[in-house]
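Both complexes shown next keep subunit A, but they swap its partner, so subunit B is in the first and subunit C is in the second.
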Partner chain A sequence: MIGKLIMADFLKMKRKGFWFLAFLGPFGVIALQMVNYGVRKEYLLTQSEDDWGYYLLNVNSFTPLAIVLGIAIVTSAIASVENETNAWKQLLALPISKKTVFLSKFMVLAFLLLVSSALLSIFTLGYGMYLNFDQEIPYSDIIIFSFYPYFAALPILALQLWIATVSNNQGIPITTGILGTIITYSSASLPDWLIWKWPAVMLEWEEPIRIVMLGFGFGFLLFIVGMIDFVRRDVK
Partner chain B sequence: MFLSILQSEWFKLRKSKISAIILAAPILTFLMGLTMDGFEFIGDDEVNDWLLFFLFSNLTYSLLFLPLISGVFASLVCRYEHQAGGWKQLLTLPVTRGKVFMAKYTLLLLLVFVIQMLYVVAIFSVGTMKGYTDAFPMAIIWKSVFGGWVAAFPLVALQLWMSMIWKTFALPLAVNVFFTLPTILAVNSETYGPYYPWAQPFLMMYSVEESMDSVFYVPWDQVLLVVGGSFILFFFGGMIYFSRKAI
Partner chain C sequence: MEYIVETKKLTKRFGREYAVEDLHLKIPKGEIYGFLGPNGAGKTTTIRMLLGLMKPTAGSATIFKKDVQKEKIDVLRKVGSLVENPSYYPHLTANENLEALRKILNVPKKRISEVLEIVRLTEVANKRVKGFSLGMKQRLGIAASLLHEPKLLILDEPTNGLDPSGIIEMRHLIKRLPTEYQMTVLISSHLLSEIDQMATCVGIISKGKLIFQDSIEAMRKLAKQKIVLKVNNHENAWRALLAKGIKAENNQDAIFLHEESDDGVAEAVQTLVAEGYAVYRVEEEKRSLEDIFLQMTSEGNLK
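Let's turn to the complex of A and B:
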């Protein structure tokens, strides 16, 4: 059943800009570095001995922001698909459980963002190779920088999906998404327990893999809480 | 007639959870101001505590928050009409499309003005709670907040345009994010930053100087060219779009 629901959700996403956004996010992040390195490559190369590492840091200064904002955009968009045409009623009148409806939307978006992260790693590698640093290509770092922020952002995905699906007024989830972005942007001076900080902090931790595990753990927890609340609410 | 349209726009908005969204900005500024301590060590005793905290908060507020949240307002003032054929009902009234557009735009400017004022209140509250003893730099803060408001005029116009095209909040936000995030890079460049419309709120609010007689903290030709130019483009673009839009 869940398989069919997921297929239905992918169908509903067609021609609504989802896949374009999934491409635009990572492309935008790298395009900013194209501008950055295009304008002042000489200066940036003098900033560090480790040119690849410095390039990855530059990319990573935008990745968390793009992910947090991207999550706000796609969760609100997927809720709007049902909201706009009052389709929640029709969807939930089908012989399916509300739990699987919520799960399906989460899976679909998690997959979409995973594709974005994969694209990010390809674009990062591509432009990095074009810049032609005099160094070995750090493949494992590219993977870490492209995927860890995504895993660390899973709790935000669960939270935003929850808020978006239970809000009739999409202004609410969009606003919480923007507030989260502000927290991500100023994460350096804020406490560690704020989930919006996680996509941005992996470098400060000794074992960055811990942020991935935290992401999975709290992502699962918030998903369950969101799902229970979604199930208990009246259909709008 | 314009005033009654404006009034009805306000009635529609009042039931749209607008107060929660308006209060989001000052509350976040307030909480972050209370939890953040680092910036007090940056300045020496010579620098006014208020000013230091104000500039520190402005960094996130003017760079990201103000441009992004004003886009949410724009989507909110169109939300009512996008639901269940609201545009049809509104435009069967004896109103012109131009006036409807103007009323929505005016309301947006008022909303942005309100959050600018609430932002000052948040700054003032944090400073009072932390017991700043320096004199409150009223003139500097007022000038900066006013400048940020004016710099938001073109951005709000573009967002209103985008919100009239799309029913969802998500796509206008995507456009907004697409233009707002590069600001972080743009403000680092002295050559290109001044010409980037989305960097203007930051430049107006952050580059404060005490000894300046002009109304704004950026040169007049930049205000006229960049803010004025993009305003004309976005405002009339949106207005022409709306007057031709098939309802």
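Let's turn to the complex of A and C:
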């Protein structure tokens, strides 16, 4: 059942720019480093002995922002596909449970962001190799820097999807999404329990894997809460 | 009689307002049931409850003898619907729109071309729905509701916003469904003329309450005709009729006969002629269904 719904959701995403966004996010993050290293590579190389590590840190200073902003855009976009002509009433009058409808939207977006993260790792590696540091390539660090922020952002995805699917006015999820991005941007001065800080928090923790587990756990919790609320509501 | 849809005390309350109150709908198998009522009477709310889109505040709805709340998915497998304005994905083609639903409904691919054929959209199957006219979108909505060959079709105001030829086309299509596809159809409208031309059964809802439910013939019978006699000196003529034991009513410039049978009318006319009155006109005045509908909905109950 869920498989068919996911296929249908992918079909509905056609021509809506979802895949372009999935590419644009990671590309933008690396493009900023292209500018950064293009302009002042010599200076940046003097900043650290570990050139690859320093490059990854630079990349990672924008990854959380891109993810949080990207989540705000895609959750609102996927909800607006159904909102535009109030297709919810047509969709939910089909012989399917509302739970799977919500689950399908979540899975589709989670997959989309996973693709973005995979692209980020490829772009990071690609430009890193182009920069030709006199060092061995730290593959596992590239993977960690590309995927951990994504897993840490799952609670934000669940929350934003919940807000987007139950609001009639797409201004609401956009607003919360932008507020989230601002929180992420100023995360250094904010407490750790704010979920918007999580995609950026891993470097401060001794075992970064813990933020991944926390992301899964709390993401699952928020997903369940959002799903229950979505099911409970009358369809407009 | 076998009822496809049956509701018991179906009630929906929004805050303090009752949108639908104690509704007892009974839709017999194979009929086209016209669900009639002014805007805001609770038609769409009722339909949303039938489709499980809204939870009733009280009461229950059964479709195919199954409770909609408890066995929603089972019920919806055999129900097709078009609620209010048609829903579609404008950035997709007609084909893709139906494909997105077909994947979920799990019916063979050839159904898409079949339903497009039924609503005559085959030629624009690969055009984006964004550019469709309202009538075409409405037909696409019907096509979508027919995809899984439902046994019950629920159409909420399907002719809203259509031009006259679109309305006629829709009417022909809907009338075909019960005989050709063994469907039962529930069709809502605020236009009595629409229902009059399609439905075999009627339910009238006003302010959330069902005020009439019967066959369309029974409703037509309510459109009682009256015989009007125009004579000279109608005051005296009326007295003459009463003296003969013929029941009549004296109006300002005419006499209304209570008797409607051919013999009764003949007898009255003969009496008047025999008494020497000049009979100018014998007319039949028919109350239109529209009048009855207006009267019913304004009174809020029948008689």
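Odds and ends about this structure:
Please note the rule applied: the second predicted complex is superposed on the first by the 236 of 236 C-alpha atoms of A that agree within 3 Å, B and C clash if a C-alpha of one lies under 4 Å from a C-alpha of the other, contacts with A are read in each partner's own complex, and residues count from 1 in each chain.
Throughout what follows, a contact is a pair of C-beta atoms (placed from the backbone, for glycine too) under 8 Å apart; a residue touches a chain by one contact, two chains touch by 3 or more.
On a predicted model such as this, the values are computed, not experimentally measured, just so you know.
When the two complexes are overlaid on their common chain A, residue A:Ile2 makes contact with neither subunit B nor subunit C. Judged by the touch definition given at the top, the superposed model places A:Leu131 against neither subunit B nor subunit C.
In the superposition on chain A, A:Ala77 contacts subunit B only, with no contact to subunit C. Of the two partners subunit B and subunit C, it is B that touches the larger number of subunit A residues. In the superposition on chain A, A:Ser97 contacts subunit C only, with no contact to subunit B. Look at A:Val235: by the touch rule set out above, it reaches subunit C but stays clear of subunit B. On subunit A, the surface patch touched by subunit B in one complex and by subunit C in the other comprises residues 84. Remark: subunit A residues 17, 21, 24, 28, 32, 35-36, 39, 61-62, 65-66, 69, 72-74, 76-77, 80, 84, 169-172, 174-175, 177-179, 181-182, 185-186, 189-191 touch subunit B in the complex. Interface residues of subunit A, counted against subunit C in their complex, comprise 4-5, 7-8, 11-12, 14-16, 81, 84-97, 234-235.
Put simply, subunit C touches subunit A in their complex at residues 48, 51-55, 72-74, 76-77, 79, 81, 83-92, 96, 99-101, 103-106, 141, 144.
Those residues of subunit B whose C-beta lies close enough to touch subunit A in the complex are 16-18, 20-21, 24, 28, 32, 35-38, 59-60, 63-65, 68-69, 72, 75-76, 79, 167-171, 173-174, 177-178, 181-182, 184-185, 189, 192.
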